[in-house]
Amino acid sequence: MIRVTVWGENVHELKHQIVRDNYPDGMHECIAEGLREDPELDVRTATLQQPEHGLTEGILDTTDVLTWWGHAAHDKVEDEIANRVQKRVLQGMGLLVLHSGHYSKVFRRLMGTTCSLTWREAGEKERIWVCNPGHPIAQGIDKHFEIENTEMYGEPFAVPAPDETVFVSWFEGGEVFRSGLCYRRSNGNIFYFRPGHETYPIYHDPNVKRVLKNAVKWAAPDGARWIDSCPNIPLENAPEPIEIKGEAVH
Amino acid sequence: MIRVTVWGENVHELKHQIVRDNYPDGMHECIAEGLREDPELDVRTATLQQPEHGLTEGILDTTDVLTWWGHAAHDKVEDEIANRVQKRVLQGMGLLVLHSGHYSKVFRRLMGTTCSLTWREAGEKERIWVCNPGHPIAQGIDKHFEIENTEMYGEPFAVPAPDETVFVSWFEGGEVFRSGLCYRRSNGNIFYFRPGHETYPIYHDPNVKRVLKNAVKWAAPDGARWIDSCPNIPLENAPEPIEIKGEAVH
Amino acid sequence: MIRVTVWGENVHELKHQIVRDNYPDGMHECIAEGLREDPELDVRTATLQQPEHGLTEGILDTTDVLTWWGHAAHDKVEDEIANRVQKRVLQGMGLLVLHSGHYSKVFRRLMGTTCSLTWREAGEKERIWVCNPGHPIAQGIDKHFEIENTEMYGEPFAVPAPDETVFVSWFEGGEVFRSGLCYRRSNGNIFYFRPGHETYPIYHDPNVKRVLKNAVKWAAPDGARWIDSCPNIPLENAPEPIEIKGEAVH
Amino acid sequence: MIRVTVWGENVHELKHQIVRDNYPDGMHECIAEGLREDPELDVRTATLQQPEHGLTEGILDTTDVLTWWGHAAHDKVEDEIANRVQKRVLQGMGLLVLHSGHYSKVFRRLMGTTCSLTWREAGEKERIWVCNPGHPIAQGIDKHFEIENTEMYGEPFAVPAPDETVFVSWFEGGEVFRSGLCYRRSNGNIFYFRPGHETYPIYHDPNVKRVLKNAVKWAAPDGARWIDSCPNIPLENAPEPIEIKGEAVH
């Protein structure tokens, strides 16, 4: 079993009837339901409003893959929690960053860049193309799939060069966007996936659900957890026998 | 002319006679002197103790390449200044991170990882190998060069996979380290270079000086400065004519 | 001066009136003319029909950047010449691979993958988006530019993950393509650029000409030429004194 | 079960008593025995001397991961077979390239570079350092392990920048080498592993055996097999309705 924690900002859901219409239990519960279709995934949710945003050390220690959706309240996420998530990713927890999560503290800290893009909210059509039909995240997806109404995200997307570009989007209004990007940072596998928005029922889409299930499996850790430090190696532990030479401050 | 700002923490120099013996005017002035051997470089220095650590908006705006040396006072660097430097690198300023600068706020924010390593201070010998004799940063360097007394840095070095590994070090005590690493983050060229320490006269070494001169030229911007934002593209500016569809919160 | 050799297959030009109408002196001469607008570029041409395809050792030795256009006669390029070009790229010669050159021996050998894609010839519109406005290859280009009539190339494009994606294309017929890709292989900088076709006057387009001029400058070597071998290091040349141990066949 | 085919050149074994002493059934059988310690691996062998070098379409179609050891007879491998292996790797078969396999046709075609290095045969000590203790290929390996007698391989190693450097070696004679390198080419996971030589019993070493078992599991395909072509997309199959415009040769 892969243990998944679906994190949701859960702000739009509390404010807007249209969002509640699409996601009566919140977007996070809809995303979690999609993942639960796969019997190998053990899925729970956490939200901004919970103590420590629902991301205690205990929760993170028992999470193999975390999914992150936020939009309106990125700056409400405590620095300490963002750092905790970043640290856990570097130790091997997988991370899926969804749609507007591109601007979250967690993603920006892991990328080191601004993660900016262009955008337009006109309900236009998006066609998502598969750049590598053999990639595990693209399994079960045709050459492309479409989302009838969506917010547009356009290039330039200010992220480091990804390890692999799995999807590129075509928009009705004329833009393009690198929509599915793989990164590895220390031992954490990170997947950014563009589709998903609060005012459209995108997380009910079968193709989107399929990608998320695939991506969780791709991101799940396959190595050991390495808790690094910056250790001094005493002279007597040097692999080759040496003696102190030169001068030293310490 | 490439405009270079050499940043030095300038803490050890004020505390320890041995450091002053090696670097009477501070390490930053020694590094700057080495760079000034190249007539194409216009070099100034800045230190932690100056207002805004000597890194005002005006200084950064007129800096093509920044070199960074810090060790004992990483946490004394104001977050605002570290963010300012990071932002300027993403816009195209080159960055050389020297030795213990691996643990600086600036480098860790740009990398997104812990940047930890192992270390030992025994004055042992280091032999730095060139991994690509045709690389611009290795010009004028033989197959390898040696530093007689140095602090050891060993693997694992917790950084993202570099764009290119230019140097790898062999240590007398038995360790190895990836000593010269190239990264590109947005439009900033970043070079990490391991050699250099406060208690040894390493920045007087002709090979080290040569690498630094080469690296400054390699890191200098060759594109335009892109100050990104996250712009909305209004409907009427869509490249293809579209009309509003679906629902929207905004 | 950067010495550029523009290589053209020069086959369509000899067969089809429509190609001659667009390119009276051949596509290679049109591409060369565009590059000659830049006084820092010293440009000559070479074609398939010349002895050694115009790519003798002497020509390659005095070429800083080679541009490659081929389409109908990839298999007419001698293996020996393809290997010679590959070898020279690895030693530092820049390479621009244009449009249908994706299927050339030279590009496929350097990439190691099939370099396949999808395509359609319907004269549709292409809009090329800049993914990094600060990149040297994108200088002087707006957020995007359009080509009114072109052949479509679509994803999946079976190439290794690029060091940087500079352009992504949107097509009227609904496809997308990664249109400007940067690679470094040993010391050769390689840029693949999609636009360009024999039946459309694409190499007369000011934006296309600008990209090619930028890309030549980006690809020009900045290091030394490293002619590698696989040298034995005799025992007496080992940096550390060692004696023969164990057994050996040789 | 992961289906593994261990390919051995099997030339030294037939010529030299010392190699037979280390590997009575050939190096390939020793490597296979090591892998068979893992019950999840289904292992067979193939050698140069067999028809089609033991690598028929049928064998490759039923191989998840191929390991490759060759040294004295790289040029005896038929081009057709080398191409077949390359093609199968791109479709998703994992590949482990061992020691002197760096100069095999298969590895050089996949890398696109010369894959040269420096070397010395003096039976010196090698210490292999782990660059990422959390990497799946390093599981069960301590911070480093040693091989008492080995052939030295030194930098520069003329390969493309790897996706990840898992091991770096320290040699008694003073050299260093990037000894464990991960690549992904299309859907094939490729791991180069330096240790291993015909005149030393290196494939009996428990750490080496452990790395090979780990690497086979890491390299095993996790996606679907994509047999790419370069398909024309007829006008009527364009996702967006378009009509023929402009001129065409075809």
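A, B, C and D label the chains in the order they appear, each numbered from 1.
We adopt the following convention: a residue touches a chain if its C-beta (ideal position, glycine included) is under 8 Å from a C-beta of that chain, and two chains touch if they have at least 3 such contacts.
All values reported here derive from a predicted model rather than from experimental measurement.
S.K.: By how many degrees does subunit C turn when fitted onto subunit D using C-alpha atoms, rounded in steps of 5?
M.R.: 180
S.K.: Which one, B-D, B-C or C-D, has the same contacts as A-B for more than half of its contact pairs?
M.R.: C-D
S.K.: If more than half of the interface residue numbers appear on both sides, call it same; otherwise different. Which is it for subunit B and subunit C?
M.R.: Over half shared, hence same.
S.K.: Suppose each chain is reduced to the average of its Cα coordinates; what separation in Å results between subunit C and subunit D?
M.R.: So the centroids are 29 Å from each other.
S.K.: Once you find the CA centre of subunit A and the CA centre of subunit D, what distance in Å lies between them?
M.R.: 32
S.K.: How many Å are there between the centre of subunit A and the centre of subunit C, using C-alpha atoms for each centre?
M.R.: Using C-alpha averages as centres, the distance is 35 Å.
S.K.: Specify, in ascending order, the residues of subunit D that touch 2 or more different other chains.
M.R.: Counting only residues that touch two or more other chains, subunit D contributes 127, 132-133, 154, 156, 158, 161, 163-164, 170, 174-175, 184, 186, 226, 228, 239.
S.K.: For the complex, give me every residue of subunit A touching subunit D.
M.R.: Residue positions touching the partner: 91-92, 127, 132-136, 138-139, 144, 146, 163-164, 170, 184, 186-187, 218, 222-226, 228, 239.
S.K.: Can you list the residues on subunit C that touch subunit D in the complex?
M.R.: My answer: residues 12, 16, 18-19, 86-87, 90, 103, 109-114, 116-124, 148-149, 152, 154, 156, 158, 160-161, 172-175, 184-186, 198-200, 226, 228-235, 238-240, 242-250.
S.K.: Which of the residues in subunit B come into contact with subunit D in the complex?
M.R.: The touching residues are 127, 129-133, 154-158, 161-165, 168-171, 174-176, 178.
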